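Below, chain A partners chain B and then partners chain C, in two separate complexes.
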Partner chain A sequence: MNRWFAVSACDAVPPGHVAYTQLLGQELVLWRSAAGVLNAWENRCPHRGVRLTLGSCVGEELRCQYHAWRFASGSGQCTHIPSHPQQKPASTIRAQVFPLCEDGSFAWVNLTRDALPSPHPAASLDTALRSIFARAPVAAVRQVLLQGYGGHSVGLGDEFTLSVPDQKLQFMLQPVTEAQTIIHARLRGDLNAAERMTIFRHHNALLSVARDQAEAAA
Partner chain B sequence: MNASQPIESVLWDDWHPVAELVQLQRTGISGTMLLGVPLTLTLAADGAVSATGAPQGTLVPMPHVQIRYGLVWLCLGTPARDIVDFPETREPDRVVCTGGSVAVAVSGLRAVENFLDLGHLAFVHAGYLGEEPHTEICAYKVEPLAEGGILATQCRVYQPRPSPMESQGFEVDYIYAVRRPYVVVLFKANPVEKERMDMIALLAQPVTEERCIAHVLMAYPPHNVDVASLRWFQQLIFGQDRPILENQVPKRLPLDPRSEISVRADSSSAHYRRWLSAVGVRYGAVPAAAA
Partner chain C sequence: MITLYDYALSGNCYKVRLLLNILQVPFSARAMDFHPGREHKSDWFLKLNPLGQLPVINDEGLLLREAQAILVYLASRYDASGHWYPRQDAAALGRIGQWLGFAEGLTATAGAARRHDTLFVEVDIGKCRAGAHALLRILDEHLWFAEQAGERWLCTAEWPSIADLACFPYVMLSEEGGISRLPYPAIRRWAERVKRVPGFIPMSGIFPASAA
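This part shows the complex of A and B:
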């Protein structure tokens, strides 16, 4: 499916961090190099199929836990095979890389290999709320949110994006599998530091209710 | 596996380990599964073992069950050959024991391939069977075995702690023999006797296509060896492999050479996969697409 999906808040994957997620049933390893480049790869070493989320970030490379093969941030190209340390790995040996972009608050992934860069503009003033996992399909989550959220009416952006009418609050639905969804949400604009915690708790409670309702309906 | 497709004779009509005897002795009765068939094993007071199962849908006594090498063996079909032979276990001075049986959520073929694998020793078993910077795998020889299977010789790896008896590292010579699709034997140079080798066999019980129970059989020349240490060491090592094995995707072993990239160090694995294809093993594998 050639479209972009939010898969994580940017600050949930700091430099050196290796994280797991799934998009439309495709397992992904999300990892950020020491220099700050975020990568979304197929979660599978091309050598013997071990999940790369078991591996670790070493500078600008991700190292597989099984045979310590290293793959370069950005290209996915294999850079080092310890069982043949003197040889340069063939250019055909690479992790499968998916197109990724960050808009300042969220990371977006497209599972189409040659997808054009995302249309999402940088929006560095946005605040990411806590992403919440629901055992319910996207359609069920959307149905619940469209019935209203914390006294606001919610409008349909598209199949996977919804927002309140003044655009202050946006929801991005990540289809994990056909039966699972991660609800990402962000507030437009900067938050007053004094109110930050109260606002987070408020949305946390509302999102949890939405999750419970979607799971009950699913 | 397609339910309507019968399981290939090379597996169905062969003997497989289904229990470690010392474990069955503790409980007297145990449930297990072989090639998707649920089984109940019972140990009688006289030491005889019997089994019931439902290979054709109805529960019946299983005619082909026996104890050998400290393991219970069972054949679901009509035995086409005897239980795989381990001649070293008949050398009277060797210490022979099983090493414990561990359920692993992966195809037994993946477990066998991992046992054959040299390149992971310095990382997954760091401090025991390998360590950095000794990561290079020098060329070794792989050839077919006349009776079926493959033989890998001239394998050599630096090991800081090659066995529970050693506290000093040295370059260890390895020989591997894959004797059956789910059975692989490792011979390691013995530090005392140059002309004899330690024997460690991995026998994978194919529970389903994506689950196995790894049984271990060992036969060591009698130098500073005790059974408890051998079992402890094997379980330590296998405990390091298990999380790797359970994170392989797919859980079945891909036989198409294009599915996973192999390098020269993977020669034994590449030969193993080709041999499985040649003898028609599908259970626990992702067969290569028909050309």
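This part shows the complex of A and C:
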């Protein structure tokens, strides 16, 4: 499916952090290099198949936990094999890299290798709310959100992107598996620093109710 | 010297080893045949701990059981910095006590699910997993809001406390009990911070992070 899905708030993966998620059942390792480059790779070492999320970030490389093979940020190219330190690893040894873009507040992944250019322009003033995981399919979550979000009617954008124009709130639903969804949401525009935590708690409470309703219906 | 009655695969023994290593307190570990030998239920050990549970420490004649109580004692006795159990800070002590209780809940849910899956202990596995997810959901939410407020740890902004160590093991071993942590990204960031505490040691199933 050649389209982009939000998979994480940008600041949820700080430099040096190795995060774990799934998109449409595909396991992903999301990791940000020390220099700040975010990567979305298949969660599988090309050597012995161990999950790369068990490994750790070392500067501009991700190191597998099992045999400490290292893979370069950006290309996924294997850069170092400890048992053959003198040899340059073959160019065919590389982690599977998925196209990724960041738009200022969220990271988007496309599981298609020759992906369309990202339709999401940088919008650095947006503020990510706390993402909420639901044990319910995307359709059930969307249904709950369409029925009303804290008393507001919710306009339907494209298949998964919903917006509440008066609140400048955008929802992005990440299909984790057929039965699991992560509700990502962000407020458009600048946020009053003094009200920040109150606003976060307000939406966290509303999204938690939506999650509970979707899980009850699923 | 402290004797720790220890089992390598126990999360509750691990948290004691972790604090002893962080505080650089020398100790001697007495390896117990927990499984399959059930040495913790033997006559000689029941005299040390009538509950028949690990860990137990003996510090020059002071016998203590219950992992959380042992952490309180070790931090109070051996932590010169006062960060791990800040005795002068009533609010922090209250919060620490609260999360030590939470750690007991993790043992009873995530820990029990792991004993079911790895040591074939009979429990209501569905109830254990659901209970663990309910706790992890609360923990993830707490940590996300703490991060937004500039706090890096469970109870305190700048320094980790024994509450972080108490909760860490059975969170990190949850997948051995069939409890995925995919829904809890804030827990994952916190766990990486715990792994970077100077003196951190791993155990089977818990891997180190890189230094930076």
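Going forward, the second predicted complex is superposed on the first by the 216 of 218 C-alpha atoms of A that agree within 3 Å, B and C clash if a C-alpha of one lies under 4 Å from a C-alpha of the other, contacts with A are read in each partner's own complex, and residues count from 1 in each chain.
Here is the rule we use: contacts are C-beta pairs under 8 Å (C-beta built on N, C-alpha and C of every residue); 3 or more make two chains touch, one makes a residue touch a chain.
Computed from a predicted model, the values in this text were never measured in an experiment.
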| item | value |
| --- | --- |
| First, second, both or neither for A:Gln96, with chain B first and chain C second | neither |
| More chain A residues in contact [chain B versus chain C] | C |
| Partner chain(s) touched by A:Gln26 [first = chain B, second = chain C, both, neither] | neither |
| Partner chain in contact with A:Thr127 - chain B first, chain C second, else both or neither | neither |
| First, second, both or neither for A:His17, with chain B first and chain C second | second |
| Partner chain(s) touched by A:Leu54 [first = chain B, second = chain C, both, neither] | both |
| First, second, both or neither for A:Pro82, with chain B first and chain C second | first |
| Touching partner for A:Gln143 - first (chain B), second (chain C), both, neither | neither |
| Which superposed partner A:Arg44 touches (first chain B, second chain C, both, neither) | first |
| Contacts of A:Ser8 with chain B and chain C, given as first, second, both or neither | second |
| Common interface positions of chain A, toward chain B and toward chain C | 54, 65 |
| In the complex, chain C residues that touch chain A | 141, 144-145, 148-149, 181-186, 188-189, 192, 207-210, 212 |
| Residues of chain A that touch chain C when the two form their complex | 8, 12, 14, 16-22, 34, 54, 56-59, 63, 65, 130-131, 133, 176, 182, 196-197, 200-201, 204 |
| Residue ranges of chain B touching chain A (in the complex, touch as defined) | 113, 117-120, 122-124, 132, 135-137, 243-244, 247-250, 254, 260-266 |
| Residues of chain A that touch chain B when the two form their complex | 27, 43-44, 46-51, 54, 65-68, 81-86, 92-93 |
